[in-house]
Amino acid sequence: MSASAADKAAVLVEALPYIRRFAGQVVVVKYGGNALAGASDDDALSLFAQDIVLMRQVGMRPVVVHGGGPQISDLMSRLGKVTEFRNGLRVTDAETVDIARMVLVGMVNPQLVSAVNVHGPLAVGVSGEDAGLIRAVARDPELGFVGDVAAINPGILQGLLDEGFVPIVATIGTDEHGQAYNINADTVAGAIAQALAAEKLVYLTDIEGLRRVVDDPSSLIRQTTPDELDALMADGTIAGGMIPKVESCVAAVRAGVRRAHILDGRIPHVLLLEFFTDEGIGTMVR
Amino acid sequence: MSASAADKAAVLVEALPYIRRFAGQVVVVKYGGNALAGASDDDALSLFAQDIVLMRQVGMRPVVVHGGGPQISDLMSRLGKVTEFRNGLRVTDAETVDIARMVLVGMVNPQLVSAVNVHGPLAVGVSGEDAGLIRAVARDPELGFVGDVAAINPGILQGLLDEGFVPIVATIGTDEHGQAYNINADTVAGAIAQALAAEKLVYLTDIEGLRRVVDDPSSLIRQTTPDELDALMADGTIAGGMIPKVESCVAAVRAGVRRAHILDGRIPHVLLLEFFTDEGIGTMVR
Amino acid sequence: MSASAADKAAVLVEALPYIRRFAGQVVVVKYGGNALAGASDDDALSLFAQDIVLMRQVGMRPVVVHGGGPQISDLMSRLGKVTEFRNGLRVTDAETVDIARMVLVGMVNPQLVSAVNVHGPLAVGVSGEDAGLIRAVARDPELGFVGDVAAINPGILQGLLDEGFVPIVATIGTDEHGQAYNINADTVAGAIAQALAAEKLVYLTDIEGLRRVVDDPSSLIRQTTPDELDALMADGTIAGGMIPKVESCVAAVRAGVRRAHILDGRIPHVLLLEFFTDEGIGTMVR
Amino acid sequence: MSASAADKAAVLVEALPYIRRFAGQVVVVKYGGNALAGASDDDALSLFAQDIVLMRQVGMRPVVVHGGGPQISDLMSRLGKVTEFRNGLRVTDAETVDIARMVLVGMVNPQLVSAVNVHGPLAVGVSGEDAGLIRAVARDPELGFVGDVAAINPGILQGLLDEGFVPIVATIGTDEHGQAYNINADTVAGAIAQALAAEKLVYLTDIEGLRRVVDDPSSLIRQTTPDELDALMADGTIAGGMIPKVESCVAAVRAGVRRAHILDGRIPHVLLLEFFTDEGIGTMVR
Amino acid sequence: MSASAADKAAVLVEALPYIRRFAGQVVVVKYGGNALAGASDDDALSLFAQDIVLMRQVGMRPVVVHGGGPQISDLMSRLGKVTEFRNGLRVTDAETVDIARMVLVGMVNPQLVSAVNVHGPLAVGVSGEDAGLIRAVARDPELGFVGDVAAINPGILQGLLDEGFVPIVATIGTDEHGQAYNINADTVAGAIAQALAAEKLVYLTDIEGLRRVVDDPSSLIRQTTPDELDALMADGTIAGGMIPKVESCVAAVRAGVRRAHILDGRIPHVLLLEFFTDEGIGTMVR
Amino acid sequence: MSASAADKAAVLVEALPYIRRFAGQVVVVKYGGNALAGASDDDALSLFAQDIVLMRQVGMRPVVVHGGGPQISDLMSRLGKVTEFRNGLRVTDAETVDIARMVLVGMVNPQLVSAVNVHGPLAVGVSGEDAGLIRAVARDPELGFVGDVAAINPGILQGLLDEGFVPIVATIGTDEHGQAYNINADTVAGAIAQALAAEKLVYLTDIEGLRRVVDDPSSLIRQTTPDELDALMADGTIAGGMIPKVESCVAAVRAGVRRAHILDGRIPHVLLLEFFTDEGIGTMVR
């Protein structure tokens, strides 16, 4: 027998118990445009879509959440829309939120749906407006239609999961008057993971993981706890764009999500490796 | 007893048997932007949304299909996109179909979803790309990404209807490579009605109904048959933008949809009047 | 558009939310022979039957309870049976209760069943003896077989309602030895409404409603509470034959029936008007 | 071990396979007032009721059908109602059918229901008018409201059987206008057995069984066929009141009822003996 | 009517309520090789099998548990295996437990299965190793593989009962390493009765029942309680091989099994007589 | 990223679609004692058991069938039982079939059950006598109780599979009198695969696969058809102990089993490699 067959058998013996353990479990994956810089974007999107399909095929229930900041900025500039600032913060006026909705719901979301569906008609695009999925509140009246999550009404997601589909969520919410709001996608991913009592919440990023010392690659955090992360945010070790991700991990784990992960989306098939092998990848919170 | 109470009782005695008859029945409604010119657009959209919600509440299963040609043209001009013509026909290149998708899925569709959902979280936006709903084929390679319906895969709609939702369908389809196509919404409405074995297919228009003599209002057709409509199209009485509607009515009724209607969307609550009263409105095909 | 069509639309917009709200709800209606004096009896019975059928068709679950005092007296006199009195109260001996049973179960009940069933085979006559529906206890041994309700065993009614039937209940009960008793139909209606956790309990009478001042038509009570009704019975404002009705309303509302109504059965389609319009009719207790 | 215990064991070994075989099977039993002359009526009714309850308890699905001719005559005479004859046949006018209904539905039926229900709340009285059970047609316009069975709509019986109840059927039918008719109970029993695809149809009579020679007790027919019975009716051996029973047996067996029985209702527990032992009793048709 | 028919009817009237009462109830029957000495073994086994089949056919859910000590000893001697003793107790070494398993699972169990299945394919042999049914612990390391019951995992039995089968249990258990142990069948029967929340636990023995005075046949105990049995074991009245049976009866009744019985298996059809008649047989604990 | 992670990802991408394809599919595996000669028996049995458990855990429905010829011979010689021959063929007398049953049901079967159950309580031993699984007929009266398969009654297997268990089948059958027969396990495996409409039938052997030229290892048959196998048996290329396996493969594939395999049981994890990788192993018939 070839060495290769023995190796394959070893991988299978390693993987099959994980496949059983995660069958039927909900996993919320936040997909960020910057996460896949190690490969051409198309290849990265294609590998990601393949992983999602394979996860679904072996019985997991993935939910994908995405944002699209760069694409929104791009369309705004093409339309000659100038962003207004108030006290140094960007104001999202009615026209801006309409553009954001058009980009997230009408451009980024269909790209992800399409990438998954070349493998089989599994993906369904969902806006936070559909079936009242995301109820929003204004974060600050001065800033216009930038929202926070007031409540998640996950019925539409559960229905789609029960029928075997993969929901792809664009993060537009609405208030009780039907007004749309643009909401941070990292925050939405965490809120949905809580509402669905997910087994896992995963952020695909373009970093290797969290570090205990910012400039020291050897200080990569393999496993951590909500308490340690609170401390690292308090002392400024974790800062900037990582804050919404880390806050959401902390809140989700405290609310009952079993594990949250910050993974390096540049690694091909990083989701399969994390879920179905003994490899330790990125940072795990529990 | 006041006359008013007696009148109310009479309307109820008239309406309740219809409500029973249509409970559980699928009705596909094509909503066109021009249909509601008799009132301010916002009011018209609000009345339409209210009718859809009431229909759902008494047990019908409405599916809404919409296009958005004027809105696409508008965004194209704002983006400075010049339409190319070949042999006098407009060419839909890759950038154009991306803009169409952005407008239909990201702008028009959420407006309808939002209008319905102020009455309750019932509406769910669906693109023809979701779960492989609309499989498209190119109409003519020279024209680029203008598609015809190759097949409807109605699973996602049936699932949403079974869970009590109102699907709102944007008419983007995909071919087997995941390429998006823009498809005529009148045609899609008819194809979906067939695939769902709908009880009724309804086109909301801005005309009173079909006429046997174009310039004679008194020749309004109350009831007709597929055969008569074939003749009226053959002799040119029915022409222009009515063709896709009438062809779809003919095909749907021949394929088993019980009745198709061309209704005047300018009449407030025209759907309720048509479904739940003895009033004869517009043109009915059976 | 004609005014009539607009009026119809308005009635429908008013009615449809009620139809949804009451779908699946149990409504117990006490039908009294005197309730319909404003019209010829046959017409009144026919309108009543039509209302019951329409209610059932749009998903409500009506239960009809009836008595039949005048008809019992009539047969007794035809049979030459003389009523015995003891201390001024009528004695129901064995022969009398057999006659009462024969009239209620064998004459009045089939008339109601038949009136409903000309609209469709929905009505099923039920005696309180069937499946142990009404367990009775003697009210006073001196009076013979006049009973009070000891317990309601509603299984047979729930089974019939689940299968889409309309139970029509004759108010004969039995004790544990199988002895039949004649029981006040107003009381039975209230007890059944409680046992079925009905949404509504309705008494069809031949008065406009309760009054705060007996001789003042302008003192008609639109809405009231159990406490106010207790007071009106205590001070004698409510008296005589209204007592069992009002006591049953009070008890039913206190036990969880959402609303009890005393309606004027002489108004055509009074049930439809009360349930499906904003009209305020008669007296409502909550 | 006592002889008695061995005997008991033998009876059980004999009975248990029958109990299994008949579990879930529908048996239609025609109960006639004259059937039980061998004992005081009350005792006979009580034994009959006990048998029905035991059959139900071990999983059979008995349906009881009854008439009540003598009781109708009795009430008519008490009411001073004189029967009109036309060409020697009794005319059932509107008043007469009302009396018949009152007696069958309001007097005889409740007696049977009550007799069963002292053993447990299993029996439910059903009139042929309930839920459209018996559709009648006039036998002969000259005779008034004497009906034949036009159709059986057994839904109400199946519903009651599925919920574990024992239906007791009074044989009043209605035409499409809601007019009541009196129908021969032997005929109704056979029609219901056919409509329910019963395993058995049983007539309880006051004779030992059918005979091949009228005056020869030794000619008792143990087993026979529809063909032989046709012959015995043709040559007059079977005549009079036995005709509707025998005709119904013949029709039921030909329509798929497995066995029909004419049993001597004077034998205590004749139903248990027939169903659960090897004893041959009365006449069996197959 | 012959006396015999009346007798049969009386037995049926006596038996049918028991049949109803026990329908769906689990009864665990310990079958011992010595229990049936009053008849040739084959006949006794055949009668026992017939009783089990009849019980199942009328809806009871019997579970049979058996041992096989004599048969184990016999095969050991045929194989020339000499039993080792330590401190006067028999040691069950690895070879001995393999022989015990071979005899119980491969010889005695199939004999019982086969005896039942000549009446219909109902019996399924189950070893305590199947699906982890019996988890064992060593009673005393010195004695080798003699086990006590650590836990019962009754899933496999419930599954078989739900599908209408009769499980026949051989009393081999396993520890967490998969090592087999031989376990006392009386003890296993009691533990399974508890785990299944059985209605009854029955020991078939070759004695008439328990006695209050060992040598006095007139002191046979008809009914007793766990407390009295504790006392009789404490004072030595109950001793020897009866101890595991009586201890199991006491524990089972205390744990919720409604009744435990020690019956004389030599009486033909003793199970039918005990379950379906008023006869008092053997000793009942409650 | 390490090469190892990339390799793992590649194996997973290869395996997951197979896992999905085979989820819910029945696979019948014939396990032969000689199949695993490449490793110590204990290790081989343990690896086999692990594969079976992993297959079950990812949703396949494996059924194991085994024989035990060498073990039967061994016990017969230990018991001094001399085999009788008639016309050169071994006679299986009553004592011999009892020994065979004892070995197969009581020794080999529990060993397999136990090996599986150390990984979880999944395995359930089943004899062909249980629930009438294998109905046997004598092959030749002169040879005694050697049987052929007359019919498979797979209810007990389907029940166990539906509840998530792994049936392990010992190949003893019975005739209609309850007489046991010893049946060739290769034949039983094929018959069960047909009766369960299995996806696959697998024979684990101690050869690499079938060859087109007996002595030429390079002539290993990778894929073949029933027709080619018929030819190879006709010309004697396939002979001896392979005949029942090959005949069963041919019959099973012709009867609708999708694929049959003859695999080299000496390769560790050969089942996982065959089912979940692109490796070509042994001989496949389709």
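Chains here go by letter, A, B, C, D, E and F, matching the order in which they are written, and residues are numbered from 1 within each.
By definition in this document, contacts are C-beta pairs under 8 Å (C-beta built on N, C-alpha and C of every residue); 3 or more make two chains touch, one makes a residue touch a chain.
What you are looking at is a predicted structure, and each value in this text was computed from that prediction instead of being measured.
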Between 0 and 180 degrees and rounded to the nearest 5, what angle rotates subunit D's CA atoms onto those of subunit E? 180
Could you compare the number of C-beta pairs in contact for E-F with that for B-C and name the larger? E-F
Taking mean CA positions as centres, which chain lies farthest from subunit C? F
Distance from subunit F to subunit B - Cα centre to Cα centre, in angstrom: 59
Rounded to a whole Å, what is the gap between the Cα centroids of subunit B and subunit E? 72
Go ahead and note the Å separation of the Cα centroids belonging to subunit B and subunit C. 47
Which subunit D residues reach two or more other chains? none
Please list every chain around the ring, with subunit A first and subunit F second. A, F, E, D, C, B
Looking at the complex, which residues from subunit F come into contact with subunit E? 78-79, 98, 101-107, 109-110, 113-115, 117-118, 121-127, 129-132, 153, 155-156, 159-160, 163, 165, 172, 174, 177-178, 180
Could you list, by residue number, the parts of subunit E that touch subunit D in their complex? 1, 5-9, 11-17, 19-20, 23, 50, 54, 57-59, 267-269, 272-273, 276-277, 279
